[in-house]
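Labels for the chains are A, B, C and D, by order of writing; each one numbers its residues from 1.
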């Protein structure tokens, strides 16, 4: 109990330091550097990955619908917050669209989460009765259906059909997405550590036993599904803010797969794992490996293989390697906490002394 | 007369053409230890699963403290296939999910141990206290229910203490030796605060010594928590010295019923068993 | 293990702090923001070729007596709205002074806010969606826009082809097609024609059903502005159906992919274009460009493959060339070619390019009012020039 | 013109697409029947087969490149199983499925890299590509050939499964993995065989598919793949005739949807259908129930 409190305190201190660090970073670096971009996208993906982990890692529900709920979140946010003045320009084919008001960004984000959660509730009613891989394919299907509906010309005045939504409020400072993600992930962690979280894990480990312990499978699955989608929706809204423009066509199942792979790399059932993996994933796909996409000359020697697309090949090979040989991912189902490290150190010392 | 703790009326479980339990009728009075025995594949566990809502019986009903908790009659494809009797006796259909049955006060253990693999000994028990929660997800997440949380933990510790696993509460449940895993399963079931406890072959794979201890232990928990106990067992000696009444089934049918000494020298039982294994 | 990993992470994230200010004095970097892969890679590569060719001609500029090297820095945006921002950010992080591109309006619109935030001026070569420059102060465009194009094509179909019913087909979720169809429909209906609209989902390969719809609708023309990938499928199946209905499409169909698709068929495929390489009464600039560019393509097999394996000049190449040259004109008008100065002078730049005179209006769009209508030759890999139209 | 005449071309197209779905669906349903694995990479293997021909026909005649392609595709399917799935045999079901997603991701990126994401023109296969006219609607011969060929192949396959030792082993394994193992059936061999057959049919499928729709892109296989899987579920996963029937039904219905002007939802419809099936009859048309033991 005591150590737990200490851990909490240390955790908070570290979080504070992180924000201070970010603040300094932001004011010292030139805004053009890739680092800040990576940090922004990374933290948003972290939130989305954690939300998916809540479902796949902690409750053992293999759902592939994440992109769909992100889509709902992103569109809800965009539709609600585009300044009225801009609408005629953006809804250029639907003479301004039917939504003629704009909400403050925060309200928009909240609505994004709520609407995603609401749809998750509806989708969950039928789908959550399905078993593992049927659930996967069904949720995948729902994501595709949602995409088709949003792109439907008939809904143009609301969703702008297939066309971009843009010019909605975005964030400049990296601090905002970090703050938002930190709060959301915090809530998820609290939920996981609560008695409900324990019920989730029980369901993951053994449905029959869990039921025999008086845990209502459907209710808890539904709860986990709705919660996960709520945060996926918020993640979608943040992603929209990060990108500055969104288009339904980009929220494909590939997006879900990428997030799933992040969760796997980080370790199913490890929040910190997902967070670390997200930053690694984003940084390496958007930044460190980019050089692989450009033809390179060392002197007159033309580097072989390097050309557009090579980055993703290398990248997916790495992922396969993790999936096959490093199945538990970076963290397994453990968490990365200061107290743990301290204990490890102490143990090591003890080991040396003995 | 007072309501029985548990009553099975004409319970029949049929998978396709196979009749696993055939017109099984039995009862358990409050405070009794009753055993259901029979050779392998006689349908004992199936009977259990009909009571706990894991299976939906093809026909018959289960009453708990006088109230019908499970009831069904052949329907759909079964109408034609049904091989049992009294097909029209139970018109109403009651088909609760297992968690509801547990909530009513019927706890159980499993023949093939089903602990929560990734959880510690303590967490395994703690999970079982979830069903008596009063908090909603949010109040639980934000620890507004800290009092309740504390009570849950205290109860769990108490249970572990009682089954003598408190010392290893932070070990991974699956790392425990076999016998202790069985005890943990019992502790977990107790944490759901049952009135009726169903034990599915609790002594399976134990040596005579452990079995004897287990026997004493079962009696002890019965006394301590004022439970009624319904157990399935293979070990005759255990059954004989702890249970007050015994039901014997073979090929899903009830072949004998009575007090241990009556069963001991019941020819049907002996033949049923000699066919399969020696006592 | 975990500790080291975390450390590693922190270190790697910290890397670029050391790698700051990588832009050496004396070079002006021109960012090429084009698709090198994806559905529109074919067109994107052709547009990029034009830029590289221009760069091979003008590799440096004289500013106040000092010589500045003109360096191009390319990034692949895959013309997808979600890849574009990251790609744009990469260019920003390379501290480019001006950006050229991109093929496919969606990516341009997606990237606009990012260039804007970094104060980098961008010049669109072939992105025809009005939304690109509308409300983006730092985005300019040297080609005509969809509303003009849709208008032109509608008029062509209605008057020249004398058609009263048009069947429109575009990909669900692709804004280029959606936009053009929209403007076409408006214009066509204003002229008194009727339009039957249809969309196909991404990844469709069976178009027979849609073509059949067109037949059943009694359409006299199929207006289908789509990426060449889908177009070639569509035409292939039209071919095996011996479809008699003519196709009309936008600038994307001005590609050798389309020409190959219609070889040996009876299909009539019209499309609007920015430029015509066989235009006799073309300006000297464009004549020189045609000869020079062909020679340059044939000199390097890699370029030839990027151009689709032949030396037919796609209009987008010409536009790419003009975009680059316009940028150069702007740079020449500055003192040191900084992004801010370029942004400052661009509105007043005027350049007589291959695709005509380039002068920007208040939106930042080049005042272009001429489109070349061509038909794909079904016998030899060539376009046949039909007419030039323009709307006053 | 009357209703049928109006709809006939759509049905024709539907039947042909259905046939191609069927050939892919069998791969899914066999693998699922035995490994309980949704082989997400199957659709991509189908695409790779397309590229094999595109590149080989550039250098060698079709008579060589077609059989070569089929062989290479089979090898690929075999290799994928050995490298990506076999090591995970004991692992939880989720991680082998993730591996499948990983393979699909890898194959797509690989194809993207090789082709630069450019669409490749599929070679014209003589005779198959010629046009014919039936009931006043013109189409390619392959449209007619596909369903016929599909049905023939399926009949052969059923013979193999019902009357050969391997086939018996397969049925045994799909019925009860563990017992089959104990009975001394060489599980790995059976699994390999099912992957080989699956890939073979995928190769043939791609041959027919791309002859009809002669443009190959790295992601072109994804949708047919998913739909084929839906077909497999629809027909009752694990049942080969079921998969075939399901495939034809889906092929036809999605074309009819286009005919009635709801093409926006032709994909969505397929998934909606899937979900409805899963809820109403999770075991599909021909699949049989299984009870999980407690």
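Keep this in mind: a contact is a pair of C-beta atoms (placed from the backbone, for glycine too) under 8 Å apart; a residue touches a chain by one contact, two chains touch by 3 or more.
No experiment lies behind these values; they were computed from the predicted model shown.
Looking at A-B and A-C side by side, the one with more C-beta contacts is A-C. The chain with its C-alpha centre at the largest distance from the centre of subunit A is B. If you average the Cα atoms of subunit B and of subunit C, the two centres end up 72 Å apart. One simple way to say how far apart two chains are is to compare their mean CA positions; for subunit A and subunit B this gives 43 Å. Separating the CA-averaged centres of subunit A and subunit D is a span of 32 Å. Contacts with at least two other chains are made by residues 148, 151, 153, 208, 308-309 of subunit A.
In subunit D, the residues that touch at least two other chains are 112, 116-117, 264, 267, 294.
Across the assembly, subunit C contributes 36-37, 172, 199, 201 as residues in contact with two or more other chains. Residues 52, 54, 97-100, 102-103, 107-108, 110, 114-119, 123, 126-131, 133, 135, 137, 140-143, 145, 149, 152, 188, 192 of subunit B are the ones that touch subunit A when the two sit in their complex.
Taken in their complex, subunit D has these residues touching subunit A: 36-38, 83-84, 87-88, 91, 93-95, 97-99, 101-106, 109-110, 112-114, 116-117, 226, 229-230, 233, 264-265, 267-268, 270-272, 274-275, 278-279, 282, 294. Listing the residues of subunit A that touch subunit B in their complex gives 187, 190-191, 194-196, 198-199, 201-202, 204-206, 208-218, 223, 227, 269, 333.
Those residues of subunit A that touch subunit C in the shared complex are 29-35, 37-39, 41, 86, 89-90, 92-93, 147-148, 151, 153, 161-164, 166-167, 170, 172, 242-250, 255, 276, 279-280, 283, 286-288, 290, 293-294, 308-309, 330-331, 334, 336, 341.
By the touch criterion stated above, subunit C contacts subunit A in their complex at residues 2-3, 5-6, 9, 12-14, 16-17, 20-21, 36-37, 74, 76, 80-82, 85-86, 89-90, 92-93, 95, 106, 109-110, 112-114, 117-118, 130-131, 134-135, 171-175, 178-179, 182, 197, 199, 201-202.
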